[in-house]
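Please see the structure below; I have some questions.
When the chains are written out, they are named A, B, C, D and E in that same order, and each has its own residue count from 1.
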Amino acid sequence: MEWIQQLVNGISLGSIYALIALGYTMVYGIIKLINFAHGEVFMIGAFVGFYAIRGLGLGLFPALLLAMLVCASLGVIIERIAYKRLRHATRIAALTTAIGVSLFIQYVTIYFRGAQPEGYPDVFPSANFKIFGVSISSQSIFILVVSILLMIMLQFIVHRTKIGKAMRAVSHDAEAAQLMGINVDNTISATFAIGSALAGAAGVIFGVYYGKIEPLMGIMPGLKAFIAAVLGGIGIIPGAMVGGLLLGVVETFVSAAGYSMWRDAVAFIILILILLFKPTGLFGKNMREKV
Amino acid sequence: MLKVDELDVFYGNIQALKGVSLDVRQGEVITLIGANGAGKSTLLKALSGLLKPQRGVIDYLGQSIVGKPAQTIVRDGISHVPEGRRVFANMTVQENLELGAYLRKDKAGIREDMRQVYERFPRLLERRGQLSGTLSGGEQQMLAMGRALMARPKLLLLDEPSMGLAPLLVQTIFQIIEEINRDGTTILLVEQNAHMALSVASRAYVIETGRIALSGTAAELQASEQVKQAYLGGQ
Amino acid sequence: GCGGGSDTSGGTEQTSGDAIKIGVNLELSGGVASYGSSLADGLELAKEQINADGGIDGKQVEFVKVDNKSDAAEATNGAIKLTGQDKVDAIIGAATSGHTIAQVQVATDKQTVIISPSATAPNVTTDDDGNVKDFVFRTSYIDPFQGTVAANFALETLGVKTAAIYADRASDYAKGLAASFKEDFEAAGGQIVAEEFYLEKDTDFRGTLTRIKSANPEFVFIPGYYGEVGLIVKQAREAGIDVPLMGADGWDSPTLIELAGVEALNNTFITNHYSSEDPDETIQEFVTAFKTKYKDKAPDAFNALGYDTLYLLKDAIERAGSVDSDKLKDALAQTKDLNLVTGIITIDEQHNPIKSATVLEYVDGKHTFKTKVNP
Amino acid sequence: MTTAPLLRVSGAGIQFGGLKAVSDVHMEVNEGELIGLIGPNGAGKTTCFNLLTGVYMPTEGEISLEGQRLNGLAPFKITRKGISRTFQNIRLFKELSVLDNVKVAYHSLARHSMFSSIFRLPSHFKEEREMEQKAIEFLSVFDLDGLKDETAKNLPYGQQRRLEIARALAAEPKLLLLDEPAAGMNPQETMELMDLIAFIREKFDLTIILIEHDMQLVMGICERIYVLDHGQLIAEGDPNFVRNHPKVIEAYLGEEVDTDDA
Amino acid sequence: MKNTKGFWGFLIFAFAFYGISQLLMVMNIIPYHYVNTMVFIAINIILAVSLHIVIGVTGQFSLGHAGFLAIGAYVSAIMTMKLQLPFFVALFVGGTIAALAGLVVGIPSLRLKGDYLAIATLGFGEIIRIMFLNIDYVGGAAGMQVSHLTTWTYAFVCLVITIVVIVNLTNSSHGRACISIREDEIAADAMGINTTYYKVAAFTLGSFFAGVAGGLYAHNFYIIQPGNFGFIKSIDILIFVVLGGLGSMSGAVIAAILLTVVSTFLQGYAETRMIIYSLVLIIVMLYRPQGLMGTSEITSWFKKKGGKSNDNRTTA
């Protein structure tokens, strides 16, 4: 029974990772940019939600919407100011700028409100119910459902809609995409807007679920989301979902076995093993470069 | 239809086009021949908006299109098949074709054109679900042509469409060029294969190191000793 | 400035300057920035009060602040700058044991007194062989003491027989507490049924908590800092762990209540340096002054320790009659019955303060004063 | 058949997912031959080259050079055994100078250790000097010595192609594979290329296989031609035979071919 | 150091620089805390150059460099503190063990490419850190106290050795082999370059010097903790290399000096230092995405010809 409980614990943790990883992998897949600032957008989302609930007295869903909106704009602004100029630069230059942006957001936040953590208001009281002795909180079911829905939605957007096709075209060859009549700037902005809105939503949900937010909260989940995205195969949306869940379950099981100190190490070992056997991630097509 | 006057284009400090002037009339096939690095692709890119000319005039259907972004020029009816195929490797053949019709809203028309493209290139129909990145060079070239046709352009800019194609396909491609032209599309064709190009074109320009060196009807140029020497393998 | 002053042995002449220069080397950014900032707030209040009252021996107190970014290397760098470039009379810092140790050798080399407000690991003031480091002092009591108090409290006041420990592995502080709790609890006949660790910045503890629950302890000791503990308490209650939980001064922060929630915190206890609800006069004066300066924020233990540290230093400088570091270190070592916010302090041979610990209980989101335990 | 062929390909093939890109290809190439490999787009010509050079591992059949099995060897080992190539899409070391591009190819022939380079032992200077000399000599053969310090990516297209061939030759292969060397060249330039190929073949004692769609070139210089279609050989023989082979006409050449002046 | 002249020129310059700096220190014209900054700069340069050989020269995207720094730091600290061995032995052993770790990590992971390699190396770096976190022999999370043994002389000598070795390697046929891998791995392979061998060799060599830097680091800061060697540290090192210009060693050196100085200078501005630091980073990258030096070396400025820098990367 304990192990089933642990599996439930792991899936809840994993759905949080998945939630962040979805937006991450989308931007990643399309712009080919490891957007280190994704974790910080997630953090800003959490704080926007917090102030919306605390300061403006909004309910959970209006606050969630507001956070998504603010983060979408933030994502677009970051892209326009910091990344746009670097579209033709090396990827590593863009990555370094992203790191700079990430530090900048962290420390500006600290500058304005200090580094201390904040307790999240209890707007979505969790009811625990038991099934065969395993206790499951309504919140974790909520998160799992939300992340699955978002995954389906994203997958649909990217693969079935016109804007999604435009995104993929831009991702491969922006100049050729322009020749199709695609507005590259707008398409990239849309990508950032959607990805960042997802990060914002994840921030609020994280806040509600764990009850604690702070200016540096984006670093670890951002890193884990990166791992989940790579584990699933860069740019592959269901891959991010599975990667996130797998990571959550593995981490929980390691803790459950009494090796909580080795939790991240084991997670990384599994990641590396998987990559050694599937060098492009779980769902990545093993497509060799055609010469 | 298209009038280019005194066009200068730079890459950084390097001047790739030096005062190029030419004109294209409705319904023509114009070909542009010239050695490697002469500036042919540069000219096409300037026309389709991928490059911004530093100086000069480009009038298209009586309107200046200098400085317009590429995506709006497509809307005006100029389609550009770039050098080196440039298909969307991570998407299927079908999706590439759909993207060709990105700006169009007429579903029925799109479907009809799609059918026509598949008819012209049966190989593409065979491979419609395959990721275009794994297509062979020739297959990719067909796809690039088909994709541009999906926009139903008024003016089609073709940059070395026969490059890397099997002889049979070169013939096919040139047949298609003639067909497209017969159906009312004006074509500006850049080619290395000067024989073939001159045989389908009505008029031609020869470009050398960024300048128009010669121009005239296709027949005139085919007869010119200078052209024979430099571009036809001077037999 | 550079040039002449090659004399690094204490700077006897510097007392004739018009200000007392104190280096403050704290974690103002980085992982444990909140402790550093809390200490800094307390220090600022004390400085303001002292300067308003005419300073120390008529000299104004001046701070030279260095942010060590919660990084040991930066802490060392900071200490080098403070002693070398700024030539401070004493250093206050850092908040944690590790970052303090990173400064100690520099301070010792330069014969500069260093006082940590809140480092609690025993080896801050003594080396591995038990020798006392001459120039190093602290304002807080050391870890084993709190662990002992907690063990006794669990066994005697709560009357439990079995306990689990869930400690922060990343801090010496929590490890020290866990070790002394375990030793004293077992020595008195109690049984430890589970011993688990977490790492700072973790947010999900459900895996380990589920494991602890299946060990069925009557009591869980959770030494660590409020940031994580808040979540642990909340998740522990969700996981169905309803037994008493206990921690130490690291819990003390209003944020803990927000994080854990009022309800989850019922039936939890902490040992602490002081309680802002303690009716003691010194304490209440401090609380009032602090709230006036910082927009009604109730001071936490780090605020109080920061505040006390400057007063501890002031007392020693006044007794030494100068900031000569030799005299100052002797005066500090002889501190006796000094009445401060966090207790009446006497410095022992190991340069650790002997003072009382307070046990508090959370009742409906408020500290209530449970008992005061003397060493 | 008295002497063993230089290259023997027996029943080689490869499958990508469900697609048999190449299957059951048999080839025998003797020393000194100049072989053409033609076929419609997507027939599997480049894939054949990839099999020969170890970029792809054959899923069936066997490939051997001078009787030594090549299956499963890493590309660099195959190069060292004596097969070297150019690519359909030019793959130069873009940021390196023209000279360095060639020197890289010489590297596998050098003997001095990394240790001797780090500590600048005499062997380092000796080898590096030799390498430099050889490379410069070599570039002059290709008329590229004047451009030796130019960064490769700044060369015009035609010279990039030439440099790529030069680089492939610098690895001192027995067998040289050229993948569409004339692509993107005008007829005049193609003529020059034909001369160049003939010249290097003489000078370096080479065996060459080339893929090309320019029939004037293929029919003009190849002694023997293999024709691929849908991954399978459909014809093999001298230019005249191939040119008139009905299957080849149907699949590849089309009805009328105006290369009668070859 | 393409030729012997350049090589000796560099050495003479280095020793003159050392002599002058040492003299100034003895005469106390350079105060002690500046010496410390100089040592710190030297360590950072070694780190930057050791990563430069992996990323800048060979083109392998590693995000786990701090792991090798950690190994060097801990191993050398064990040598001096627990086994009482002399410092230079400790440095060498620290570097060697780090190199071995680099070899072990490199062989499997260098089969991966691009971001997949980055994440795998990041993973290894973290695994190394977590390992030290769980070893009580070296103090676990609380860290290990280490005596101060790193002097300017040690730091400088190690720095010179690092630079000489890396430059000599880069300017040799072996270095060209590495660069060709960066430029086009498939083509390099087709030219007979054993790509795996060179990738692993570059990685191992980079790890060795990172380990040496670790030894200097440990004996300069009195205490080492696993927390000092997290992935943020790897990123700090990465930033030196990228900011300086991928492929330019002098760029990496300049960036390491610049950022260390900026960071030290900003120490007095606690609240805004990280904001300023990140802004500097963003602005430099926006206006010089190819890094301060691009791919060119400072030595090319002194040559009359052939010094064309490759600044037109952005159009590629």
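In this section, a residue touches a chain if its C-beta (ideal position, glycine included) is under 8 Å from a C-beta of that chain, and two chains touch if they have at least 3 such contacts.
Keep in mind that this is a model prediction, so the values were computed, not measured.
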{"item": "Target subunit E, source subunit A, minimum contact steps", "value": "1"}
{"item": "Per Cα centroids, the chain farthest from subunit B", "value": "C"}
{"item": "Longest centre-to-centre distance from subunit D, chain (CA-based)", "value": "C"}
{"item": "Separation of subunit B from subunit C, taking each centre as the mean of its C-alpha atoms, in whole Å", "value": "75"}
{"item": "Chain centre separation (subunit B, subunit D; CA means) in Å", "value": "31"}
{"item": "Centre-of-Cα separation between subunit D and subunit A, whole angstrom", "value": "47"}
{"item": "Multi-partner residues of subunit A (at least 2 other chains)", "value": "107, 110, 261, 291"}
{"item": "Junction residues of subunit C, two or more chains touched", "value": "29, 31, 169, 199"}
{"item": "Per-residue overlap in subunit D, given as positions that touch at least 2 other chains", "value": "46, 55, 87-88, 91"}
{"item": "Touching residues on subunit A, where the partner in the complex is subunit E", "value": "34, 82, 85-86, 88-90, 92-97, 99-101, 103-104, 106-108, 110-111, 223, 226-227, 230, 234, 261-262, 264-265, 268-269, 271-272, 275-276, 279-281, 289, 291"}
{"item": "Touching residues (chain side subunit C, partner subunit A) in the complex", "value": "29, 31, 33-34, 37, 169, 196-199, 201, 203-204, 206-208, 210-211, 214, 227, 230-231, 234, 238-240, 255, 257-261"}
{"item": "Subunit A to subunit B touching residues, read off their complex", "value": "162, 165-166, 168-169, 171-173, 175-184, 287, 290"}
{"item": "Residue ranges of subunit E touching subunit C (in the complex, touch as defined)", "value": "28-33, 36-37, 40, 133, 140-143, 145, 147-148, 217, 220-225, 227-228, 264, 267-268, 270-271, 273-274"}
{"item": "Subunit E-facing residues of subunit C, complex", "value": "2-3, 6, 28-29, 31, 65-67, 71-74, 76-78, 80-81, 83-85, 97-98, 101-106, 109, 121, 128, 169-172, 175, 199"}
